[in-house]
Structure formats: C-alpha cells, structure tokens
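There are two complexes below, and they share chain A, which is joined by chain B in the first and by chain C in the second.
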Partner chain A sequence: MLQAYWYITKMRMLTNLAYRFEVFTSVGTNLIIMLASVFLWQTAYGGGIGNVQSLSLQDLTTYTILSIILSSMFVCDVQNTIYYKIREGQIVTDFYRPIPLLACYLADDIGGSLSSLANKALPLIVFASLFFGIPWPSFLLNFLLFIPSCLLSYGILWLLSALVGLIAFWVMELGNMGMVKDSIVRVLSGSIVPLWFFPESVQTVSKFLPFQYTYQTPLGIYIGNIGTKEALTALAVQAVWVILLFLLLAAGWKRTKKKTLIQGG
Partner chain B sequence: MKETVIEVNNLVKEYMITKKESGLRGSLKSLLFPKKTIVNGVDGISFSIGKGEIVGYIGPNGAGKSTTIKMLTGILHPTSGSIKVCGISPQADRKSVVRKLGVVFGQRTQLYWDLRLGESFELLRRIYQIDMTAYEETLAILRDVLKLDEFMDTPVRQLSLGQRMRGDLAAAMLHAPSVLFLDEPTIGLDADAKHAIRNFIKEINRTRGVTVILTTHDLDDVEQLCNRLVVVNHGKIVEDGPIDTIIHKLAPYRLLVVELKQPCEDLVHPAATIIKQDGLKIWYQFEKKRIFAAELISDLSQKLPIQDLSVKEPDIEDAIREVYKTTSAV
Partner chain C sequence: MMSSIRHYVSVASCFARLAVQRQLEYPLFLFSWLLMIPIQYFSGIWMLKIIVDRFQPLNGWDFPELTFLYGLGLVSHGIFVVFFINTWHIDNMVINGGFDRLLLRPMNVFFQLVASYVNFIGLIDCIPGIIIFLYGCQLVGFEWSFFNIVKLILVLLGGVLLRAALFISLGTIAFWTKRNGSMVGFALSMLERATMYPLSIYPFALQALFTFLIPIGFISFYPAVEFLGKDSSMVHLPLSLALWTPIIGLVCFLLAHWIFRIGMKNYESAGS
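What follows is the complex of A and B.
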C-alpha cells in the first residue's frame, strides 16, 4: 500500500517537473508579490514608525520572503481535485479501487509540494537573496524548530482543504467556497501581514482559530519573534489542531461516504 | 450445477427526486418547500449469474442498468434486497469485493491522465498489491491480445479513444478479477477497435473463465458475445434467457421478400400478411409456427411469376425494439 502512495508522490513530482511554463509563471508572480510587499514594508518603516512590536525591518523582510516561499510550496489541491472529480463523475472510478482515496490525494499533493520545493521555492530563495540578502534564521535552533512547524502547518492547511472538498459531495456546486476559504486563510494566517499588527480583538479571536498556526507560527519561530519555549507550545497547539481537523475530516468523510453510497450522490 | 458468481435477490433502489417548478415563483417555492417524490430506479430485480457466463444486460436509457451495476460493485447501497458477489455482500465489504472485480466504463477512464499507460499499470499493480511474477505474466498476455506495445509509453491524455479503451480493459484485468463489468465498452469506437475488444472479451472468458456482465446499446456486441440476455425496462426485468429464445419469443415473425417479373393482381396468401409493397417488390410477414418458408414459397410461386426472393430472420434489434415497445406501455 505504501508503495502505491510513494509511486503517486513520485509520479506527481516527475510530471510537475516536466511542466516548465507553469513554473515560470508561478515564480514570476510570486517574485512580483514578494518585491511589492517588501517595498511596502520598507516605505512603512522609512516613514519613521520605528520598530513596531520589536519587529525590525529586516525581520519583516525575512518574514515576507519566507511567507511567499512557503505559500508556493504548500500544495493543497485536494479541494479542487474532489470538486472536478465529482463534477465529471470521475470519482466513481476512485471508489472502485481498494485504497482510501483521500490518502491518494494527499500523496498526490505531497508530490506537488516536493516538486515545488525544487522548481519554485529554490529559484525564489535565490532571487530573494540577490535582492535583499540571504534571509537567515535568527538562530540555528529556530531553524530546527521551523521545519517541524512547517510540516504541521501543511497538515492543517491540507486538512482544511480536504474539508472544503467534502462539501462538494453535498452541494455538487462548490462555486467560490474554495476561494472564500483561501482568502480567509490568507488574511487570518498572517501570511500577508502578521497578525501582530492587527487589533487586539482580532488577535484574541485568532488564537482559537486554526489559521494563524499555518503561517504565522513557523515564520514567527524562524525570525525569532516566538521564543524557544513559546515555540514548543506553538508546536503543540499546531499538533492539537492537526488532530482535531483530522478527526473532523474522518467523521465527515465517513458520513459523506455513507450518504454518497446510499443516495447515489 | 455451475458455481454461482452473482446472486441478486429482489433488489430495489429508490431515489428521492426534488421536483422543480418553473418560473421565479416556482423556484422560490421549491427552494422553501421542496416537493420530493420517490422514484424506483430499480424495482425488484432478481437474477443469478454462473461462473464463466457472458451476460448482456440491456435496456433503454434510464432503465436502471447503471444503477444495478453500481449496486453490484458496491458503490451504491440498495434500498432493499440482497446482493452476493463471489459470496460476499459488496455493501458490507466493498474493499474485498472490488478486488475481485474489474470495471470498465466506456465513457470514463480509470487510467491516470498525466501518466504514461505503462506507469498507470505500475500504479495499479501497487494499489492492488499484485505479485510481480503474476503481474508480468498477465501483462504479457494483455500486451499481446490488446496490442498495447505501440502506445505503452504514450501519456494517457494523448491516446486515441480506441487505444484508451484497450488500455482501460487491460487496467481492469491486471489484478486478475473473476468478474468483469463492462459498461458500454464499444461506445464511439471504429469497427476495427470494436472487433479487437470483442475478441479480447471472448479470449479472457475462454482462457480465464472470467464472468462478464456487459451493458451496451450496440446489439452487435450482444449478438457476438453473450450467451444470455437480461433485458430491463422501468427498473424491472422483462426478459431473461438465451438470445435465440428471446428472439423467437419476441419476434416470431419472419419476412419473405419477393420480386415479381410483372405486376400481378392476386397477391394474398392466407398464412401471411403483406406488410409492404414497392413496385414489383412485396414483403410478406409470416409466423414460423403457422407456415414454413418452403410451403409459403411453393404456394406463392404457383400463382405468381417470381423472379427473386429472400427470407429474412428477425434480428436481435427487432426483438429488443419489441420489448421496449411493449413494456413502455405499462
């Protein structure tokens, strides 16, 4: 079984590496966003605001660059995969296989993420280093904590995407649900502007939502804005979210499957 | 008595259908108070299929064919009734049933769009955890019978329909299933590809004893492949039996086409009816039970100057049209 997942991951990597045009456009757009955001921070800080919440301009530059690199790597196509498969009736053929289909989609997305690491994240790091210097982590220890935190972030993002995908089974027409979710994630995860700049109330509410643990947590750890002790707590919170969302997905999937099988979708 | 592979008992599948009313007022009304009606997609079907049979499962569009296939393969639960495939209920244990099944949809592919054909097969090998030697053995046969070699390394999205279909058949056979479900396997294919696919079906049935259940609208498929026919309409089985019997029962008429040398007055024969007349050509319809062709011909040739004649057997198409016609009135 594992062999099959690994093969899916591998084949996704190989196919993605073969698409060159997509890589150019993706690296291109991400680079433009990166430059624009960094210049924005530079202008904001140039206006004499000084360090906000003990974040220096250098911190924010690193934060922004890495945020964009992470977003190019976190491939969560599962919601679209499910949506298209349902719309085209292709989902049926997946049910005929003696293998859990969500796990297959996860293997597929992991393949996409790994290929993005090579053909999107690496070029972005090179360009970013050329323009703004290498975005070093604050300490080596932070970097070591950053890696598992990223993995947990990916887990949260993927599970959220899969949950949205499940809705497609019920409503047939997903419409803009995916985009709405993506926008919420983008804002509340702190991927564009860290939540530390948001009003107190938003920050309080966000503590109880999964979103900020997807970008802000690993990035905060990386730039050292989250201390080692806090980082460990943050990792634990991330893990709790992964478990919660996983249980939610498992329960939702069970019900969805039952409904599909009984009502014929 | 042959071993039973599929056993279906009093299968019923009800669908909830929300009736939409027309107009703005109507759609608002159905949004707030949806009017639900229950429709019987499949209405009390029972049959059993023995090992090694090739069964044609036919019926007009919307007769409940696909619904039945879906229930047999476990991806749909029946409202009531029981199903046993290889002794297992597909609803209770879908995963072990699908291991024994091969399923091919003419309109859909189970191959992986981005992968080459060979890579799709390799992935399936891993999913079904097929032993390497068995896999290679099966694949060698499939490559040979379906002539896959020319496009094994072509990405699936670039395959022609005929090639893709052959690829799909191979994919469905890789894990050596004991039952093969084919849903319109020859739809949209050219004569050559159809021929190849029919040959393949016969071949695996003969050499591996695979039970085949085939739904199709192409009656040539049925005539050339199936030894048994199950005809459904409106969710009920209307005929079940060997093809010849069904034809005889439903279309007992034969046709005698006579071409005369010159026009004649007295054309009638007591045992036959004239159904069509076109210049010197006359079509007589007669029942096998009432009169033999030889008698009719000799009777007619005594009074008519016959130049040419031919006898037409009713074909499967007539029989099936007859079934659809008679049952749609119910």
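What follows is the complex of A and C.
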C-alpha cells in the first residue's frame, strides 16, 4: 500500500529534478524577494534603532530568509491539481485507482516538497549565507522543535489547499480562488511581516485563525522569540488545527464525491 | 496611409472585442481576480504602514510619500497589463506554433502580438492602483496643476513603455532558446520591488543597476523623487527628472522593438 504512494512521490521528485531552467528562475525570483526584504528591514532598523518588540535586525533577517525558504519548500499544488483534472475530465481515471484520491495528491505534493528541498531550498540557503551570514537557530533545542513545527505547518497549509480544491467540484470553474487563499495566507501567516508588529486587534483575531500557525510559529521558534514552554503549547495548537482541518476535509470529501460531475473529455 | 491606419484600428478593435468576450465567459474567474488583486496590493501598502509605524520612515520616505510611490508604480503596472500582457506569452506562442499564425497574416507581426489580447481583467489591477495613488496624492498634498498633470501622463506613458521594453526583450530570448522559462515571474518581482519601494533603500550597486543598465528606476522612483521634492544622490540630470521617463521609455521601447525584429529573423518554427 505504502509502496504505491512512495512510487508517486518518487516519480514527482524525478520529474521535478529534470527541469533545470525553471529551477534557476525560481531560485532567482526568491533570491530577489529575499534580498529586497532584508534590505527593507535593514533600512527600517537604520540609524541605530535597537530592538523593536524585542526583535533585533539579526532576528528579522533570519526570520525573513527562513520564511522564503519555507515557502519555496511548502508545495501545495493539490488545489490546482484538482482544478485542472476536473476541467480536463482526467479526474475520472484518478477515481479508478484502488487508493484514495486525496492521498495520491498528498504523495505527489510531498514529492514536490522533497525535490524543492534539494534544488530550491539548498541553493537559497547557500546564497543567503553568502550575503548575510549563516542563519543559525538561536539554540539547538529550538532547531529540534522547529522541525516538527514545520511538518505541522505543512499539514495545515496542505489541508487548506485541499479544502479550496474541493470547491472546484461544486463550481467547475474555480478560477484563481487558490491564489486568493494564498494571498490571504501570505499576509496573515506573518510570512512577510511578523504578526507581532501588527495592531493588537489583528493579533487577537489571528490567534483564532489557522494562518499564523503556518509560518510565524515555526519561524518564531527558530529565532527564539517563542520560548521552549510556549513552543510546546504552539505545537499542540498546530496539531489541533491539523486535526480540525482534517475532519473538515473528510466531511467535505464525503459529500463532494457524490457530487462529482464529469465535464467532457 | 490613412486607409492602412484605419484597417489596423479596425483589426485592433475586433481583437479587443473577442478578448473581452473570452474573459467574461467564466464569471467566477473574473470574480477571483477581483478578490485577489485588491487583497494583494492593499495588504502590500498595509505592510509598509505597519513597518513605518513600528520603526521609522524608510530612508527619509514617510508613509504618505511611500503611498504616492507605491500607487504610481502600481498604476503604470495596471496600464501595462491591460495593453501588453501578450508580451508575457511569447515563449508559449513560439512553442505551440501560435507565432506562425501571426507570421502568415499580412500585417505587422509586432502589432498583432500586442493587439491580439487586450487584457480586460487587467483593469482590475488599475483599481487598487488608482485608489492608492489618489490617496497618496491626498496625503502628500499633490498639486493638480496643468503642468503637473501633463508631466504625470508623460511619466505613466514612459513607465508603461519601459515595462513593455523589458518584457519584449525577455520574450525575444524565446526566439533563440524556444523557451524563457519563468523569466516573467522573475522580472515581475524585480519590477515590483524596484518600482513600488524607494530605490534608495538598496545598496549602491543595485541602485546603479536599476538606473543605468536596466533603467526601471525611471518608471516611478525618479519621477516620485521630483514630484515630492526629495533628494536623490544617484543622478543629477539636466531638465526635470520626471521628463526623462518618457524619453528613456521611448528609447528603450524602440531598442526592444529592434531586438524583437532581429530575433524574428532568427525564428524557426517549432514545427508540428
């Protein structure tokens, strides 16, 4: 059973590693965003401003670099996969498979993430270290907590993406609803500007939304802004969100499957 | 001459009608753009506000001035995507043979390339652009004198031409290599960071690059420097800085058109 998934993951990795030119431009694009963001923070901290909200320039530089690296690794193509397969009618053949549809897509995306780790994240870390020094974690323990936190983040992001994908079954033409979701996530996850800088009211609301647990939590743990004890709580909150979203997806999927309409061939 | 111009205009308007109809076919498609574009850009300016509020003005650029700059850059981006979005897809046309079709028709190829897709949805990019720009004008107390308005129009025109020149040159690469990958996304993020944020926050080398080699600093940064009466250490040009934008825009556009024609001579169909 697991062999089937591993095969999908492996195929996706091999396919992704075969495209070289796309990798260059993707790394280049992320590098530009990274450089520009770090320069923006350097200007903001210019003229001898010390810590703001107990964060130093070094903290924010690390935060920004890692945020961009994570975003290049968190591959959640499931929303687009479902959308295209429905538009092209290929979803039929995927339903024929003797293994669950969504699990296949998860295996596919994990393959994408693993190949991105090799051909996107690694070059970005190298470039970032050359420009701004190696972005070390604050403590080894933080790094050990950072890894499971990242995995849970990926879980939340993937489930959100799959939920958006489900909408495609109901409306046929999803358009760019996935991108709408992505732009909301980008802001409210603290991936560009940490939520600690946001107005109090926004911070309060965002505690009850899943978004900040996707980027801010692992990155906060990494730079040591979230202490060990709080980090364990944060991990628990992340896990609760994964479970909640999973139940929601399972319930939605059960109804959606019956609704599947095949559009042409 | 006259009849030839009339012919071109009628073809362009026919293309435009088809393009608009095509884009209105799926309402949710339109709706999703209508949601996404404003979210993206309003949150962008909101991020800047948060940073300026918590820290300090960026290199002497306070929030009103940043809004003005951000809006100016965004408006010229909006106009660009309405009229020139097809320059993003040159490599696609080369690969799937769509470009052959343009070559067969008895009309200027470059004209067909640009005119065949008027991006109606691009107007949505203009909405947050205009709102943010007008808000910025309000905040900085922009003086709507006749001279300023003429200058503004020339700056927008020059900015659009500069952007078009950049994407045409990038697209031309596809004539040799058959594909230029996701160069478009690369150029877009470069443009966004160089035109909607003050260029002066970047190191000297990058400022020089965006002033002399790839002069996208003239799309919005240098005009904004002049409109707001800021000090730019980088360049001291005779005349007003803002008036250099249409000049440089036109020169770059003609240059890009020339490169495009050279590339076309090199074009060989991808077959099939």
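Here is the rule we use: the second predicted complex is superposed on the first by the 257 of 265 C-alpha atoms of A that agree within 3 Å, B and C clash if a C-alpha of one lies under 4 Å from a C-alpha of the other, contacts with A are read in each partner's own complex, and residues count from 1 in each chain.
Convention: a contact is a pair of C-beta atoms (placed from the backbone, for glycine too) under 8 Å apart; a residue touches a chain by one contact, two chains touch by 3 or more.
Keep in mind that what you see is a predicted model, and the values were worked out from it rather than measured.
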>> Given the alignment on chain A, is it a clash or a fit between chain B and chain C?
In response: fit
> Taking the superposition as given, does A:Phe95 touch the first partner, chain B, the second, chain C, both, or neither?
Replying inline: first
>> After the superposition on A, what does A:Ser183 contact: first (chain B), second (chain C), both or neither?
In response: second
>> Going by the contact rule set out at the top, does A:Ile8 touch chain B (first), chain C (second), both, or neither?
In response: first
> So, A:Thr25: does it touch chain B (first), chain C (second), both, or neither?
Replying inline: second
> What is the contact status of A:Leu66 with respect to chain B (first) and chain C (second): first, second, both, or neither?
Replying inline: neither
> Who does A:Leu159 touch here: chain B (first), chain C (second), both, or neither?
Replying inline: neither
> What is the contact status of A:Leu219 with respect to chain B (first) and chain C (second): first, second, both, or neither?
Replying inline: neither
>> To make sure I follow: the centres are taken over C-alpha atoms, the vertex is chain A, the ends are chain B and chain C. What is that angle to the nearest 10 degrees?
In response: 90
> On chain A, which partner's contacts cover more residues, chain B's or chain C's?
Replying inline: C
> After the two structures are laid over each other on chain A, how near do the C-alpha atoms of chain B and chain C get, in Å?
Replying inline: 12
>> Show me the chain A residues, by the header's touch rule, that chain B contacts in one structure and chain C contacts in the other.
In response: none
> Once bound in the complex, which stretches of chain A touch chain B?
Replying inline: 1, 3-4, 7-8, 11-12, 15, 89-90, 92-93, 95-99, 261-264
> Which residues, counting only chain C, touch chain A once they are in their complex?
Replying inline: 26, 28-33, 35-36, 39-40, 43, 46-47, 50-51, 54-56, 58-59, 179, 181-183, 185-186, 189-190, 193, 197, 201-203
> So in the complex, which bits of chain A are touching chain C?
Replying inline: 21-22, 24-26, 28-29, 32-33, 36, 39-40, 42-47, 49, 52-53, 171, 173-177, 179-180, 183-184, 186-187, 192-193, 197-199
> What residues on chain B touch chain A, complex-wise?
Replying inline: 15-16, 67, 70, 73-77, 91, 94-96, 98-99, 101, 103, 105, 108-110, 112, 114-115, 119, 122-123, 126-129
